[in-house]
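These are the structures in question, set out in turn.
Okay, so chain A shows up in both of these, paired with chain B first and chain C after.
Our next item is the complex of A and B:
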């Protein structure tokens, strides 16, 4: 636990949060929002289509969207690690942080299962099964949970 | 404008809404979810108009637009609540007015697409490249929506005088 305390109280945090520059905390926070828009936005499109409530885009044509999921995820992993470092002691003791992490892991895992079952299968049937639709719905709900948890975390910290 | 903001803030509705401590974070969460719906749906159409995602028929992507428009209205509603609760934060902010201006640009751009380009776009071959006008409209939309996001997220940090 000491390592998280020293990260949160260390020189990097002091510079990162104390700087008057918009290029430190505000920009990393904004990048985290941009990454979310790309990652969750692409995921919404794919899973709404699989739920058959958003038109009839040929499923296999959605494949290039997964590149955007990974680009968004990479942006948010990096920006998220920086943000975590500056609040490490608070976050590691914060149940809401674990709700967010578990939701993201589960949403990505379910998204991967749906991709293998519905999108990349060479003879992908255009009508999706109930099981695939349930997983798509669960993935959407998990992304929404991650967003709500992320927003609530801002209200549960001791640094500014 | 400061007088108007002060008046809004003195109204019983503004006080009552701001008095509900859960309402602000709830609206923020919905504002983020609406943002993902808007950028996800509109962004896909924008990228296709820019010539990416060949093989994806534009008429199929357009069937996604009710979700993007729904996301926009979630954000317009939650944004209006923020405005009623803390009007001075926004009405006195050049960054907020820039955000409103970029929403205007995105809306005008979408209207131009719907009235002038939608018909030829819908009948295009799935694999066809898009004409320059569509590429410009797609890029303008994508840029405007990310500018809206940037202004909104940076609002507390930009132009605060420190």
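Our next item is the complex of A and C:
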């Protein structure tokens, strides 16, 4: 706990949160939002397609979208680490933060399973199975949960 | 198709849930039509994003509205917004007396949305670009 407290109360946090420049906190927060849009947006397109939205698109044509998922994830990992550092002690004791993190981890893992079993597999039928549709629906729900938990963190926290 | 509808409904439900929560952090929780003057002492001053916060202690005293007595959390804007109104991280420090006008919480809890602080010379430090009709450099009119 001491390390999280020292991160939250440290010189970096004081500078970062107290800076009057829009290139510090506002920019990192904006990047976190843009990264989320890229990451979750690409993931939604893939999983909605598996749920037969725009069913005429061949599944393999979705493969380039995974690059955007990783670009979005990289942006959000970096911006998220910075934002976490400034509230480390509060977040590490925040159940909603864990809901968000577990949802993201599960969504990424499930996304990998879907990619291997449904998108990449050469014999994948274009008409997707109930199992793959279920995974796609679960993925959408996990990303939605992560986003809602992320927003709730700002409103349910007991410290400021 | 049934699955799609179910997923769609679930996503819309979650989105609506987050919207109602977001509204909670707008100024809706404050009674923005009510301007109350508070006079106390700064017990904490947090100059930080996303919202500047400070805590004031108001003691019982002659001339002090009993309803304002206690410890209050005062919420301002972002650092950038407030600095453009003339605030700095040293505008106030712990122990400083402060006189301010703010909008109290609708539910009666001890939270205030800062409208403006009144400096000893009567000039005002605003939270943001919102101005009362009687905006003047020194205290006058209906508002303190």
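Basically, the second predicted complex is superposed on the first by the 153 of 160 C-alpha atoms of A that agree within 3 Å, B and C clash if a C-alpha of one lies under 4 Å from a C-alpha of the other, contacts with A are read in each partner's own complex, and residues count from 1 in each chain.
Everything that follows uses one rule, which is that a contact is a pair of C-beta atoms (placed from the backbone, for glycine too) under 8 Å apart; a residue touches a chain by one contact, two chains touch by 3 or more.
Just so you know, these numbers come straight off a predicted model, no measurement behind them.
**Q** Scan A:42 for contacts with chain B and chain C and give back first, second, both or neither.
**A** Only chain B; A:42 stays clear of chain C.
**Q** Is A:152 contacted by the first partner chain B, the second partner chain C, both or neither?
**A** A:152 contacts both chain B and chain C.
**Q** According to the stated criteria, A:133 is in contact with first (chain B), second (chain C), both, or neither; which is it?
**A** After superposing on A, A:133 lies in contact with chain C but is clear of chain B.
**Q** Quick check on the superposed pair: does A:141 touch chain B, chain C, both, or neither? Answer first, second, both or neither.
**A** The second partner, chain C, only.
**Q** Once chain A of both complexes is superposed, is A:34 in touch with chain B (first), chain C (second), both, or neither?
**A** first
**Q** Under the stated touch criterion, which partner chain does A:61 make contact with: chain B (first), chain C (second), both, or neither?
**A** A:61 sits against chain B, while chain C stays out of touch.
**Q** With both structures superposed, pick whichever of chain B and chain C touches the larger number of chain A residues.
**A** The larger set of chain A residues in touch belongs to B.
**Q** Identify the partner contact of A:19: answer first if only chain B is touched, second if only chain C is, both if each is, neither if none is.
**A** In the superposition, A:19 contacts chain C only.
**Q** Is A:52 contacted by the first partner chain B, the second partner chain C, both or neither?
**A** A:52 sits against chain C, while chain B stays out of touch.
**Q** Pick out the shared contact residues on chain A: the ones touching chain B in one complex and chain C in the other.
**A** Of chain A, residues 20, 22, 25-26, 29, 144, 147-148, 151-152, 155 contact chain B in one complex and chain C in the other.
**Q** Under the stated contact criterion, what part of chain C meets chain A in this complex?
**A** That would be residues 1, 3-4, 6-7, 10-11, 14-15, 17-18, 21-22, 24-25, 46-51, 53, 73, 78-80, 83, 89 of chain C.
**Q** Would you mind writing out the residues of chain B in touch with chain A in their complex?
**A** Touching chain A from chain B are residues 25, 28-29, 32-33, 35-41, 43-44, 52-53, 55-57, 60-64, 66-67, 146, 149-150, 153-154, 156-158, 162.
**Q** Please output the residues of chain A touching chain C within their complex, sorted ascending.
**A** Chain A reaches chain C through residues 14, 17-22, 24-26, 29, 51-53, 133, 137, 140-141, 144-145, 147-148, 151-152, 154-155, 160.
**Q** For the complex, give me every residue of chain A touching chain B.
**A** Contacts found on chain A: 20, 22, 25-26, 29-30, 33-34, 36-38, 40-45, 48-49, 54-58, 61, 64-65, 143-144, 147-148, 150-152, 155.
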